[in-house]
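In the two assemblies presented below, chain A is common to both, partnered first by chain B and then by chain C.
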Partner chain A sequence: MDNEKKIPANLLLNKICQDYFTRAEPNEFYLPVSEEAFAELIPQLPKFETLLISLFCVENFAGSTGFTLFYVLEKRRAQNFVILLRRLNGNEASSIAEYFPSAGWFEREIRDGFGIEFTNSVDKRRLFLHEGYPHDFHPLLKSFKNRDITENRKSMSGAGKYLFKEVKGSGVYQILVGPVHAGIIEPGHFHFSVIGETIFNLEVRLFYKHRGLEKLAEGKTPAEAIIVAETISGDESAANTVAYCLAVEKIAQGSVPERAGYLRTILLEMERIYSHLGDLAGMNVDIAFPVGASDFFVLREEILRFNETLTGSRFLKGLICPGGLKRDIDSRDLFKLYSYLDSFLRRLRRAADYVLHNESVIDRLDTTGVIKKELVQPLNITGPAARASGVGIDNRIDHPYGIYPFFELAIRTQEKGDVHSRFDVKLSEIQDSVEIIQKSVSALKSGSVLDPISLKDGYGLAVVESARGQNLHWVYIKNGLIERYKVRTASFCNWQSIEHAVIGNIVPDFPLINKSLNLSYAGTDL
Partner chain B sequence: MIEPFHNLFKARLAPRQIRRDSNFEEIGLKLKMEISSIFGRSLAIREVDSGSDNATEIECNNLSTPYYDIERFGVSFVASPKHADILLVTGAVTLNMEMAVLKTYEVMPFPKLVIAVGDDACDGGIFKSTYAVRGGVDKILPVDIKIPGNPPTPTAIINGFLALMEQLRNQPRKS
Partner chain C sequence: MASFAVYFVLNTVFVLAVSPLFMGLIKIVKAQMQGRRGPPLLQIYFNLLKLFKKERVVSLNSSFITLISPYINIIFILAASLCVPLVFIPAANYGFGNVILFLYLMVMAKFFMALGGLDAGSSFGGMGSSREMTISAIFEPVVIIVVSALVFVLNTFNIHQMFATTLGSSVLTNATLFLTAAALFIILITETSRVPVDNPETHLELTMVHEAMILESSGPNLALMELSHAIKSTLLMALLINILVPWGLAASVTPLNLLIGMLTFLLKGSILAIFMAVFESVMAKSRLFGLRTFFILAFALAFVTIVFELLV
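Right after this comes the complex of A and B.
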């Protein structure tokens, strides 16, 4: 490790871009970097189509004391991940948000969790710790043992006021919405600066649902922590549980039986179908077109009922575990699903035809909430939102996992990046998912579904494509227990795109834009 | 390409579809009768998410979709707590949401009832005694009925509503 620290930055850059990213054997490469090389390297990386997909901190990593920052890098069309390890002396580091805008929230998250100060960052407000938390409280420090901190508190407000970016001037007014909204939605606060009816600026404040999931996982055995992965975001539970299990299986060098691989894929695609159906319905509701929505709602309910038949849970909980599945799924139910999906496709197309042949629907969807293609890389926007803006990325193809390499998957892209494009992308993806499920059911052979893993210590990264985009899970096991569990769901990065997408749109279109992006509050707040 | 006269020339009547759950219907009709006798005509519910994973919200939303359509039985989800008879809270109460939940409860008119929906809302679930969560809803508000489940199905939720009505009918009326 010490040898690598002496490598100058330009050599390091060659090594990263021409060796690690392009190596044939898919892997994640951990690369310790000295402070000088790091400072030289970072400004050059964005030129090589390199993205910062996650940034997190680990205390006392692999025998060291103090903090280590993990910069997870991805390169377009490269299968591997490169993780720069930056060891800190003390609790100060320089910010890289200037070169990688996606780092902004990550750095604020680390500051809250560990108390690390990013010296030249422009935004030093707290992120997931709101006013109710005391000053100098950093829950992810190892010295803090998880407990109820409200027992002896004197008042409900600890830290100072949270200041919003506010546009001022004649004719500009502010609309404050949330955290409690008018519908049955999750909590979040939106601060609009509006001129007439046009949104001039939006600032999103989230993390109202911060439940301390990362800390909760610490000290649990890998089997106990499944429930934490499941509860990250209720409608993403299969994707998150599979990602968590992939990481644990990678550490244990375990494998999954073929049948379990196919069944997991069926569950993942069922999740994508019902999640996308909810969006298609929701977009219709938000433009006051409930007739169009109801067909999609009916289809989604039927998929949820199939979920229950297959797994016992409408949200696919409690079945996936490291090494495969806890129990088998009855093949007769799968055949029923197979034949149901034929009529499902017909009805889906009819429902979509009805909606998309309606002029007033198109009028609302077209040119609304555009996400520019240029934003996708700096903000690390993933999933249908990126594909609707003309960026053909999909982790099932770019970083294949499970049995996805056996399928020929198509990437559905649209160019305009508006709500209509996202509607179209999601509609085509539902049809693709149906095809994947039907192929999986046909390919299924009987066999065991669980290959118990023998636990080992170590760390591993897993990245999956959930319905919302790229979900990243990093697990670090020490002495058979979880030492650190880092989750970054697609919504965490995609949320920042909405601040750009709404500019120039009218306030009544905000719910529609929000729905078309389908951002999970729970998955972001953790 | 959108055919401009498509909707004019082609009759687009939806085929009649019957997809009702006999169990759900039965509970719904009972609930309707209870609501009529206790609340006059309708029951207004305000939902607040205090920190659930979003599955419980999806199930609450499902109550208004064609399969269930709970408004037939006199139950409506309202936009403001000022219009609500019942506060329906989902999820363990996080520190960040504590104030918002309390404020929502405060502005409701009397008499006000509270329902906790989901395992985490009932007693804090897996989040019990962690730094970010206060615990179940009953830690900060008087809860009238708890509907457990991870998440509870739409039928379980409507069953909970019915149980609350029966509880109300049997308890002496407060002046």
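Right after this comes the complex of A and C.
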């Protein structure tokens, strides 16, 4: 870690943009900055295609006492991440949401978790702790121990009312939806301000299922914490577990046997396939076209059954671990999968043709829920949602991991950013995933699948392209135990895009837009 | 008078008995189209029985309207059912059968359903009622034009006499009836909240129209609302069937004629129900503001009918 405190801000800016992002090694570049340099640097950074992809806090980092804020920056088409370390004196910091709008949620998350006040922040409301929690309740502080808090419930004073941003005026009314819905879906509260049926403003309130996963991981050994990573979001378990393992392997400087690398890729792509199939089906259900949806549902079910054959788990749990895989996968099953995928592709194309040749379907998908390209960078929108808006980003290519560098991957983009574009992007990505799986099966050689790692202390960052986009995991191991585990899933970023995507659309189109973005509630609310 | 008394009892009992059947049939055919097995044909009867036995859970914010609106709603629908002979045409109809009366009895039923939706004070009930009334207001002129076309072609305001006319002549003598029948089909789809106008199977409260209005109903209230919806659907189906293919409709009351009347109606109704299910399955729901295209189609068909009748 270089000490760059003495370098003036403009020089630092040059070094960050020209050097650190593109340097061959290391993949992540930690850069402690002084308050003054930070204040000068931050307003400049957005001009250089720099994005804030995560912001998190660590207490008592690397021997220091107090809080350190980690600003994780990514630059388009640059392989490295630059992480600005900002040491705080006390528990106050200035907000950077003015320059990086994506910082808004992160700062609120840190306020809830650690009690750090962002002084000039425009939005000081709580994020994951709802009003029932007392003022001084900050579960991520080291002084807070995991325990049953029901005994305190009676004495909890609560933090007052959560104020929604409302559009007011004659003819404007508010529609409040959720967190309990008519169907069996995850909980989320949606606060619409509408005139007639047209949406003027939407505010989403989530975090009804906070499980305290980051806290739960603390004090566990890296092997024990796998289960925490798997639990983050049920249908992203392979992506999250691989990301977690990548971070642990990076810290231990361990490697993964080639066979395990290929098998992990197969699992990751299987996850992408069933996730995308669920979306394609779901979009059809939401426009009341269940006949079009049923083919996708059938294909998804078949993939889930293959998951069970391969791993014993329909949602790919319990197999991936640091150093490779816990068990090998039977090659005969993989060859069965290979030949099944041929007929799968034919049936997928037929199902897609049927849907996309139906005029009433196209009419619903086209021009609905547009995410503007200009929003992708400030809000850090990621994954298929960004690609459908014409931004060609994919972590498998931008920050390659595992065996992805061996493949020639294409980024599927569309320009319009509407529901139809997202449908098309997901459809092409399923076909790409099938190709990756088939190539992996062909390239597979027998060998061991586990290269046990020797644990070391340290910290490391890993990003993985999950079905929903970039999932970021940062692991800090101290004395062989996890000291801090930070996860930022794609949904955490993309949830903020829906508030923009629905504006000007009508209320009955909201479920379709929501489905096309496929946002995970659990994955947002660790 | 005796004939009308028999008609009163028979028509009402018959429509109550068969309406859920068609709903069940539509569900099965839709499920089959999606590659599912679907519920048993009689499941919908068991559901209604179950709901009648369950307690009524009512929002604290609701008034007596919530309690009485399902009853008023079904009374209006049953009154409307007297206007549409399903099995036989009584000798005298005592004013029942006027097509304008029929339409506005149904509108009254709808009005109370919308009122019931508003009463609980939940945002979805209000949203559903507002959408239902918006669609009604846009659709009403279309309905009037379609009905006018019927009156033009068949030269009577009375549905009973319309059926008597179509029964007594071949549909080919009034070929424009085919156009009107297509328009009537659009009315059938719209008034019974089916795809592309509404999605009867959705769980997405924000997209609902009809379902949102009855989202707060429970127990017997919900059963009555669902039953009245089924009856409304059967009445509109009967209107379409007996205008286009009235064969089997009994003109005189004999047990054999009644039996033939019932069986033929069941058969024709089932065929129409299957057609409705297929129609519903091959298209997605339209955008709410895109519905006018669908409505204008009915309007145009009826308008063309009238023009033809005037030219001939």
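Keep this in mind: the second predicted complex is superposed on the first by the 518 of 526 C-alpha atoms of A that agree within 3 Å, B and C clash if a C-alpha of one lies under 4 Å from a C-alpha of the other, contacts with A are read in each partner's own complex, and residues count from 1 in each chain.
Following the convention adopted for this analysis, a residue touches a chain if its C-beta (ideal position, glycine included) is under 8 Å from a C-beta of that chain, and two chains touch if they have at least 3 such contacts.
Fair warning: this is a prediction, and the values are worked out from it, not measured in the lab.
J.: For A:S294 in the superposed arrangement: first (chain B), second (chain C), both or neither?
T.: Both partners, chain B and chain C.
J.: Looking at A:N284, would you say it contacts chain B, chain C, both, or neither? Reply first, second, both or neither.
T.: After superposition on chain A, A:N284 lies in contact with chain C alone.
J.: Please work out whether A:L334 is in contact with chain B alone, chain C alone, both, or neither, and reply first, second, both or neither.
T.: neither
J.: Name the chain, either chain B or chain C, that contacts more residues of chain A.
T.: Between chain B and chain C, the winner on chain A residue contacts is B.
J.: So, A:H210: does it touch chain B (first), chain C (second), both, or neither?
T.: Touch partner of A:H210: chain B, not chain C.
J.: Regarding the shared-chain residue A:G183, is it in contact with chain B (first), chain C (second), both, or neither?
T.: After superposition on chain A, A:G183 lies in contact with both partners, chain B and chain C.
J.: Quick check for you: in the superposed arrangement, does A:T231 touch first (chain B), second (chain C), both or neither?
T.: A:T231: touches chain B, not chain C.
J.: Who does A:F510 touch here: chain B (first), chain C (second), both, or neither?
T.: Second partner only, chain C.
J.: Does chain B (first) or chain C (second) touch A:D363, or do both, or does neither?
T.: second
J.: In the overlaid three-chain picture, which partner chain does A:I175 touch, first (chain B) or second (chain C), both, or neither?
T.: Touch status of A:I175: second partner only.
J.: Take the contacts of chain A with chain B and those with chain C, and give the residues found in both.
T.: Common to the two interfaces on chain A: residues 182-184, 294-295, 298, 358.
J.: For the complex, which residues does chain B have touching chain A?
T.: Touch residues, chain B against chain A: 2-3, 6-7, 12, 14, 17, 19, 47-62, 65-67, 77, 79-81, 91-92, 94-100, 103-104, 126-127, 129-135, 150-151, 153.
J.: Please give the residue numbers of chain A that touch chain B in the complex, ascending.
T.: Residues 128, 130, 132-133, 139, 144, 146-150, 156, 179-180, 182-187, 207-212, 215-216, 227-228, 230-235, 237, 278, 281, 294-295, 297-298, 300-301, 304, 313-315, 317, 354, 356-359, 362, 520-522, 525 of chain A touch chain B in their complex.
J.: With touch defined as at the start, can you tell me which chain A residues reach chain C in the complex?
T.: My answer: residues 174-177, 181-184, 197, 284, 286-295, 298, 358, 360-361, 363-364, 506-511.
J.: Would you mind writing out the residues of chain C in touch with chain A in their complex?
T.: On the chain C side, the touching residues are 30, 33-36, 123-124, 127, 131, 195-196, 199, 201-207, 215, 281-290.
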